[in-house]
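After this come two complexes, each holding chain A, first together with chain B and then together with chain C.
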Partner chain A sequence: MAQDSQKLHGLLAQFDTPADLMHAAEMIRDHGYSRWDVFSPFPIHGMDDAMGLKNSKVGWFTFIGGFTGFFSGMGMIWYMNEFNYPLIVGGKPFFSPIFSFPVAYELTILLGAFGTLLGMAFLNRLPRLHNPLLKHSSFKRATDDQFFLLIEASDAKFDSSVTRQLLESTHPVKIEEVQE
Partner chain B sequence: MEIACTQDHGSMEGRPIIREANIQQFRKHPDFAASSMGIDSHFPHDLPSKVYNHPYESYEKKAEEKQKKDGTTLYPIIKSSVHQWAMTIDLNACTGCNACVVSCQSENNIPIVGKDQVRRGREMHWLRIDRYFSAPVTVPEGSDKGKIRSEKNLPADPQVSVQPMACVHCENAPCESVCPVNATVHDEEGLNLMVYNRCVGTRYCSNNCPYKVRRFNFFDYNLRPLDSLYDSPVMLDKLPRRPTDEFEIAKLVRNPDVSVRMRGVMEKCTYCIQRIEGAKIAQKIKAGASDAVEVPDGVVRTACLDACPAEAITFGNKLDPNSAVSKSIKNPRNYSVLGYLETRARTTYLARVRNPNPEMPDYQESLKSPYTTQEYFKTNAEDPFGHHGHHGDNHSDHGHGADDNHAKEGSH
Partner chain C sequence: MQVPETPKDLVRTPLVTNERSLSWITNQVAQFIENKPPMWWWIALIFSASVAVLVPYYISYLIGTGVGVWGLQNPVMWGWAIVNFVFWIGIGHAGTLISAILFLLNQKWRTSINRAAEAMTIFAVMCAGIFPLIHVGRVWFAWWLFPLPNANQIWPQFRSPLLWDVFAVSTYFTVSLLFWYTGLVPDLATIRDRVKSGLAKFSYGLFSLGWTGSNRHWRNYEKAYLLLAGLSTPLVLSVHSIVSFDFAVSQLPGWHTTIFPPYFVAGAIFSGFGMVMTLLIPLRTICKLEDLITVKHVELMCKVTLATGTMVGYAYAMEFFIAYYGGNPYELETFINRAMGPYWWAYLAMVSCNVITPQFFWVKKFRTDMRIVFILSIFVNIGMWFERFVIVMTLHRDFIPANWDYYTPTKVDVLTFVGTFGMFMTLFLLFMKFLPMIAISEVKGVTPQANPHHKLGGAKEGKH
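This part shows the complex of A and B:
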C-alpha cells in the first residue's frame, strides 16, 4: 500500500450507541491504556468514570500562577518602596501589606488566569497544527450520529494486533487504522 | 455689590486655633496654650506604643544598625542629621499687617488672580492671614451651650485676633497620603515638598489638608491676561493674549530661582526652599573639604520672615539647640494648631498674651479674659485656667480660686 511509508496514528473504533461506547471505554480503562480518547456528538454522563479520568490538573497551574502573582506584587512594592526609591509619604512606613494589597491582588488574578490558560494548553498538548483524525473521512460523523474510540499508537501498551483484538471484543461497527 | 474677600467667616466658634490669655492668666500658667487648651492637651504624656513609627524614627535606627554591622547600608538617608527646618510665629508680635503675604507673593512668583477669581475662592496666596473677631460671651441662663454659635448680632466692640497661616510642613502630612502620584512627599530635612512635574491636579491633597493652605492653579494665570482666562486653550493662538512686550515685562517680575507654575498644578509654601538650598550650597563652598556643612543660624531667612516688621516669624534649624527657632519652640507659649490630629507640624505658634489696662476709661469687666478664651471656655465647658485644664503639670501655684471663675463672671 502506498500508505506503508506513513506512520500509524492509532486505531479508531466506531460505535452506534453511547452505551456501546461506554462499555468499550470501561474495557479499555481496565486494560490500562493511557493514551486514548472517545468522541461523541454530545456529552455523555458517566463517561469520566468509564474512562477513569481524574480531576484536571489545571488547578495546580492556576494556584502556582496566583501564588507567583501575589508574592511578586508584594515583593515588587516592598523592594521599590523600601530600597529602590523610598519616599516619605505622610509619615507612613515604606512598606505595609495593606496598601500593597490591591496590586498584589490584581497580579494574583492576572497570573492565575495566565497559569490556567497556559496550563490547560500544556496539558492538552496545544497548540497543535494538525490532528490526523480530522482528515479521516468516517470521523466526520463524530459530530453527527456516531461514537468513536481512538487508541493512539504512541501508547506504551499499544500493539497492532492485540489492541485490534481487544477493540473487536467490544463489538464496534467497524475498526479503522488512522494514519499520521 | 459683591466684595472679593478671602475670609468671609469671622469667628473661631470657640475652637482653640488662636490661643490667648491675659497677662495675669499667663503669669499663673505660662504654658496654658499647650497644656490646657485644645484636645491635644488631654493626651496622656506616655502614649502607648504606636502601630507604626515615622520613617524618620524607624529607618534611621535600621540604617544605623546596618551601618555599624556592615560598614555600608542599603537604606538611603531618610533623615538628615544636619538640618531639620522649623518655623515659629509669635502671635504676640504679629499685627496682621500682611507684609509677609505680599513678600511671599513676590518671592515665589505667585500669580495675581484678580477679583473675579478671588470671589470664586481661587486665591493663590501661599501665606494668608486668618482674622477672627470675638465678643464678650453672653449666654442667657439655662440656654444651650451651642447658642453662642448662632449669635447674629454684630458685637459693638469686638476683639480681633490674627494668625498668619501657611503650610506647616506636618511630618505626618495628610496631604501626602492621598496623592495618587506621589507628587507631594517629604525630604530628609523635614520639608513637605511639592513636585510640580508629577502633579496631575487631582486636588485631593488640598481637600485633605486640615490647614487649608494648598492652592490650585485653575488657569494659566501666569500666561493669560485676566480677562481671557476662560477662553478655550484649543483656540489659544487665535485669541487675544498678552502683547509680546507686556509679556516680556511681566517676565522680568519673576524670581528666577523659583519655577513659574502652569495651570493644573497644586502649589503651596515651600519654606522658601530656593533660599534654603542657596544657603546650603554657599555653606558647602565655604566648608570645602571640612565637615562644617551646617548652615549657621539666621542665614536662611524666608521671604515672610524677611518682610515681617514685628519679627514675629522665626525660622531655622531645629537640630541646633542654640538656634532661635529651637529656643522659640521651647517657649512655654508654643503650641501646635490642630495638634490633636497628630500631624506633627513644623510650624508652631506662640500664644498671644493681652494686657488690657484697667486704668483706661473704656476698660470693662469683660476684658478680664480674652474674648476668644471666653468663647473657648463656653463652648467646651472647660476653663483653661482652672484646675481641670491641667494634666501632668505640677503647678505649686493653685491659689487662684477667684481666677477660676473670672471668665464666667466676665460674661455676665
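This part shows the complex of A and C:
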C-alpha cells in the first residue's frame, strides 16, 4: 500500500443498473469482506439481504424516546398539579391518568420522533462533514443515476490486485481508486 | 411458459409517465433550484410578501391597542381567530396523511406529492399557530401556556383541553418538521452534488449531513422513515381530535358532542386535500412536472376528497339527527338556529361547498379536467372555512336571551387573516426555489429502473 501523501481509501466500482449492483454485492458478501458498502440514489429493495445486513436497530431508540415521553408527561402533570401546587379546579381530581393522557400521548410521539431521528443519525454516524468519497468526481452520480460499490483499503482481506480482479469479475462500468 | 398479454384496460398507468430516466427526474426537479427564478416567481413573491406584511402590522396594532380592535363581543368571545386557527391546522392534515398514512398503506403514488404537501403542512401550522397566541389577549402572558410556574408559583392546570391543544399543536409542528427534514436529507445531497456556487455548496452540504446514499445508511434511514410514519399517523389523528376537544369538552349545546373528533379529522383531511390540489395543479403545469404529478395523481386525490367530503356530509346529517333524536330541546334549538338563524347564509355556504362540491368527483371527466378540479378545490377551501365559522358562531345565542347578539368581524380580523395567506404563499414560493419540491429519491424508487427484478432495472432473462 502506498504510504506517500496520497493514501488509498478504497476501490470504487461503478454500475449502471441496480441489478448489476445487487449481483456484485452478493459476490462481495460471499467473499467475506467486512468493510465495504454500496451506494445508490434510492434504497434498493432486497439489498440488505444481498449485503448480508441484519434488521436496523433504530426501533430501540424510538422505543426509549417514546417511553421517556409518556412517563415524563404523566410525571410532569402529577408533579405540577398534584404534588407541588394542588389547585382545585371544577371539583376535578388533582391528578388522573385520564386527563393526563392527551399530553402524555403527545409527548410519547414527540420524544419518540426525536429518538428515531437522532438514533438514525447516531447509527449512521451522521452528520459526517468529511468523506473521501464526496471529493471523488465520478461519485457525484451516486445521488443521481449511477450505482457504486466500495471496498475500503482498511478491510483485512483487501489486496489491491486480488480485490480489483474480484471487482472486475462483476462487470462494472469502471473501477477507480479513491484517495484518502 | 407463454405469459398471456395483460388486457389493455388492466394495464396500470405508470407513476412516472413517458418512461423518464432517473437523471431526467433529477434534472427536472433540480432545475428550478439551479436556474434563475422566472419572472412570474418574482412577481408572485413580491405580491405575497406585501400581503404577508399585514400580519406583523395588524398584530402590533392588536397588541398595542387591545383585543377591542377585533369584532369579539359578548357572547361571541371566540371569533375569527379561532375559526382561522382551526382552518389552517386542518389544512395541514392532508400533508401528514399523504406522507404518513399513505406510506403505511404502501400507496406508491404519494411519492410525487408528499414533499410539497408536507411543506404545506408546516407552513399552514405556522399560520395556525399565530392565532391562539394573539387570541389570549395579553400576549405577554402567553408563556403561561408552557409548563412553567408563574409569579405565584402556580403551574398551568392540565385539566383544560386548551392546554392539551398547546402540546398537540407544538408536537405536530415539531414532528412534521422532523419528518419533512428526514425525507429531505437524500435530496439535499443530490442538490449538493449539482450546485456550483460556494455558498450553495456549503449550505446544501451542511444540511445533507454528509449523506452518500450508502446502503448501510439507507437501511437505518428506511427504518427511521417507517417509524416516523408510524408515529405521525396516530399524531395526525390525535391533533385534530384534541382541537375538537376545545369545543367538545365544553358544555355548550352544539359543541358538546362525541361526533366531533372523527368529524373534525375527516374535515381536516378534506380541506387539506382541497389545498394540496389548489397548490399542485398550477405548480405541475408551471414547473413542467406533468410526468411526475400525473393526471392519475390528481384523480386519486379527487377520490380522497370525495370520500372525506362525503364523510363530512354524513357527519352534518348525523349531528342534526342526534340533536333531534337526543330529545334535548336546547340542542335541537341550537341546530335549527345554525341552519335557519341569523347565520343561515354561512350554513348554506358550508353545506353547498362541502357536501355538494365533492360529489362532482364521481364523474371521471371532472376528475381528469385540471381546470374543473382546480375550481372545485377552491370551493372546498371556502366551505371548510365556513364550517369552522358555523361551529364557532354557535356562541352567538347563549343561555340568556338578553345576551344574544350578532357578531361581525372588523377590518383587523379580516386583514390579519388575508395576511396569513400572504405569509403562506411567501413561504411556499421560497420552498419552491430553495428545496426540491418533489421527493427525488422516493420517486426514483418507484420507477421500473429502480427495481432490480425488472428489465429496465438490469434484470436478465431467467435470472433474478
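Observations on the model:
The rule we apply is simple: the second predicted complex is superposed on the first by the 125 of 180 C-alpha atoms of A that agree within 3 Å, B and C clash if a C-alpha of one lies under 4 Å from a C-alpha of the other, contacts with A are read in each partner's own complex, and residues count from 1 in each chain.
Going forward, a contact is a pair of C-beta atoms (placed from the backbone, for glycine too) under 8 Å apart; a residue touches a chain by one contact, two chains touch by 3 or more.
These numbers were taken from a predicted model, which means no experiment stands behind them.
Of the two partner chains, chain B is the only one that A:G91 touches; chain C does not reach it.
When the two structures are aligned on the shared chain, A:K140 is found in touch with chain C, with no touch to chain B. Residue contacts after overlaying the shared chain place A:F83 against chain B, while chain C stays out of touching range. Once chain A of one complex is fitted onto chain A of the other, the partner contacts of A:G112 are limited to chain C, with no touch recorded for chain B. Of the two partner chains placed around the shared chain by superposition, chain C is the only one that A:P102 touches, whereas chain B remains out of contact. In the superposed model, A:K174 makes contact with neither chain B nor chain C. Of the two partner chains placed by superposition, only chain C is touched by A:I44; chain B is not. Put chain B and chain C next to each other and count what each touches on chain A; the higher total goes to C. Within chain A, the residues touched by chain B in the first complex and by chain C in the second are 87, 89-90, 92.
For chain A in complex with chain C, the residues that touch the partner chain are 16-22, 25, 37-48, 51, 53, 55-59, 62, 66, 76-77, 80-81, 84-85, 87, 89-90, 92, 99-100, 102-103, 105-107, 109-110, 112-114, 116-117, 119-121, 123-124, 126-131, 133-134, 139-145. Looking at the complex, you find that chain A touches chain B at residues 83, 86-94, 96. The touching residues of chain C, when paired with chain A in their complex, are 21-23, 26, 147, 149, 153-161, 163-164, 167-168, 171, 174-175, 178-179, 181-182, 186, 189-190, 192-194, 205-206, 209-224, 227-228, 231-232, 234-235, 238, 242, 245, 440-442, 444-445, 449-453, 457-460. Interface of chain B with chain A (complex): residues 52-56, 58-59, 74-76, 78, 170-177, 179, 182, 185-187, 344.
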